[in-house]
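So that you can tell them apart, the chains are marked A, B, C and D in the order they are listed, and the count of residues begins at 1 in each.
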């Protein structure tokens, strides 16, 4: 009945475990770093050496950004459920949603829709970039991956990612297109519009062959490492209870205007 | 008021991001693999080279084990919310709870309570192991980290982890104690009691200096990578809907015995 | 500093707890049913009697629909983490995402954008409905809230919801518009297009004054009740392990075509 | 193969949906409030009228308690993922774990282990209570369900729950035992030990026949309603970003003592 159903991820027999066709214990453990095995799971093949270096650099770049809403949600959840650490990590990942990680997918969709290839010339990439920027200006929508609330002068992670990609010969058509999009958008903007780490990572992951639903997934695994760091720190130097007290003491309780059933004013969003 | 509150995880200024005191862009990205940066976040310091190899091997060992309940939960969640991949990964991690990942913490607590040190002699470790096994037999409780439903003759991941730890001079007091616990428990058992990958990893992570609340966390990051693989496969070769149909067609609906309010039989657990 | 921050949800002093301006212990407990207190939390006021009946009927309608992907995810999560029931319920809710619950918000946005009011005449509503259907046909997009995989001849919950709304004088402009949209869409369709329970509920909740971000929230609370039922049944009559075995036995492991790093074929989505 | 697998929760055919053996559209919707249908799902039968009042009062009592860690986690998650409201509600529930909701199960286990029955005399209940209190004093462990950080003089929700249970003739053996446990524990204590709302609810739910794994589940459904209220308020009067800024500005970044790989000091927990 289910003969057509298949998986290529993993399989085990009493004395062998296989992941994507490779012997886990003998071909992967001790031989290949975790970032590369994650690449294997996400791209379906082991990375070449330069690809492994770039993919690991992306994972490292996104692992932590301090006391983000996501880190705070994980810490508050740990306060409520210290016996179920998986809940704290899950809560932190749920807060790493569209506002923060949406950029990966949005950049991926934008670039892939333009279908740049290794054979696309620089002049063609430039023409595509001009069209993309013009189209967003016309529609009044924001281009994903540009701008940063803190790193106005350039996101230090982006600069380093580009450098590594260049060293490894991995400045593929997606990142080259994205850099041109950034240049044209910034030229016409009144505020600084650096390519942020999310935008650069999304483009580079497209070049590395990660499928679109996996772009956000890469960021989630990376961020999970940072969240484990936050949960461990919360266990020894907690801020959760202080956060709770601060909210209770700083936010004024205002009796609602009306709790009268006759008041049928319809809230809108 | 909050002058005593501190974090040592990360910090950023307009042109620099620091993680655990190190310059993210220049000292970590492109220089250190992701597994080692996760070690930095979890243990508070960068690993030595052999430690990095062992820690990565543990992460690789636990990344995937096929169509587990956790992988199925992630795939079913993706079916319901394909636009929020973080929900699918979070759901998968929530299924990686006490039944499967509890072993890390339980092994950690068992071993740390016995306080083996690098100065503890083999004879002393053996005496501790005998006492631990005897105590569990007396109480009729199961020792954590032993036995496997599939790998009866020995978990291939465990054998490889021990081998790597030995090569790197990292067979510390916790794993040496655990191996002796396994030997004594297996000697008195009527069924095979190999040291499983969770048990070996828990002990080795204790030797590597990961604090107890972080033990399960290490497994969660590792498993997240496998879950991204499952979500990507679900996006292109889905099994979620088949699983749903199978459940609906195979599970018989039985009208409850009574829906009468007068029936006050109390269910117990 | 935070003087402008306020909450109107709840507040407690040593001898009094207030919810939305009302005394929890004396004005709500024992006096008002839970559905009505949920309405108070979501709409900011207590419902009139007919509103309470309709709102409760919506909650009842959506509480369960058998062995859905969401219920299966909750059961599989309970199998992995029986000590953290909150994780099982959370996993189930995460599976109740855009595919299934998106309809509430989509119907809400569609109808609210058309701004029907109690003063809008039937002829005007009909004209709006004709325009909405024509626009979707032109764009080739599906109208939300229409069609059902099982209930082709009409969703029994929808029929009952309309009946109750009529009895209580609560057939407001949003549901009347939605019924006209359904009529015009069904007239031009080649397959049955009944108004489903999600579509009817979304429209009725708009008429009841629930703000758009709360529409999916109403369904989530309702569905949580069904998930508790599934977790309780899983605890006494489990299907999780059978589901796991079935997946492992029915899904064929296919060695991936290539794990060669030289193979750089780029998966697309 | 799966002939022995069964479910009694729900079932649907093209023109009928059944929940626990009852016709959803005609016997439940518009006839029975949501709290009672939740009781049907959790206890397997519809409640008698007094039971419905008490069960609804418990749900109402626990729905909200202001800006709790759980509410803050939901709001921070909404800030990061406003398009996936299910993630915000799930994150909030994950924070409603053992620290806060564990009391339900712990009270349930404590009382059920003592097996009080409707035939147990008051003198016998008193003797059991004395033994339970003595045993906990001997072991130095805390009895669950007693004490409250704010409501020292008595939790207003508890007083009301007892009152309602009394009015409805539902002061069963579990709550009567719990009240005696509280009396004996408070008599020997140096600080106020009122029976808190969680403790009272846990005992009353045992008397109502909710199985132990469902006790926490009842609180989760109730709390989900409060979380929807918080998410709605966050959408119109946000505090999430202020909370984030406050954490970043109040928590000092302290460079870790050492990130030297040679420093192998082992953190313990």
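Rule of thumb we're sticking to: a residue touches a chain if its C-beta (ideal position, glycine included) is under 8 Å from a C-beta of that chain, and two chains touch if they have at least 3 such contacts.
Quick caveat, the model's predicted, so the values are computed rather than measured.
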| item | value |
| --- | --- |
| Interface residue identity across copies chain B, chain C - same or different by half | same |
| Interface with more contacting C-beta pairs, comparing A-C to A-B | A-B |
| Chain of greatest Cα-centre distance to chain A | D |
| Centroid distance [mean C-alpha coordinates] between chain C and chain B, Å | 35 |
| Geometric centre distance via CA averages, chain C-chain A, whole Å | 28 |
| Inter-chain centre distance, chain A versus chain B - centres from mean C-alpha coordinates, in Å | 23 |
| Multi-partner residues of chain B (each touching 2 or more other chains) | 2, 5-8, 10-11, 20, 66-67, 81-84, 86-87, 90-91, 94, 96-98, 211, 213, 235-236, 239, 242, 246, 250-251, 253, 267, 269 |
| Chain B residues touching chain A - in the complex, by the definition given at the top | 2, 5-17, 19-20, 24-26, 28-30, 32-35, 37-38, 41-42, 53, 56-57, 59-61, 63-67, 71, 82, 84-87, 89-91, 93-94, 96-98, 101, 150-154, 156-157, 159-161, 163-164, 167, 211, 213-214, 216-218, 220-222, 224-233, 235-237, 239, 242, 246 |
| Complex interface listing, chain C residues touching chain A | 1-3, 5-8, 10-11, 18, 20-22, 40, 43-48, 51, 81, 83-84, 86-87, 90, 94, 112, 206, 209-213, 250-256, 258-269 |
| Chain A residues within the chain D interface of the complex | 66-70, 72-73, 76-77, 79-84, 87-88, 90-91, 94-100, 235-236, 239-240, 242-244, 246-248, 250-251, 253, 267, 269 |
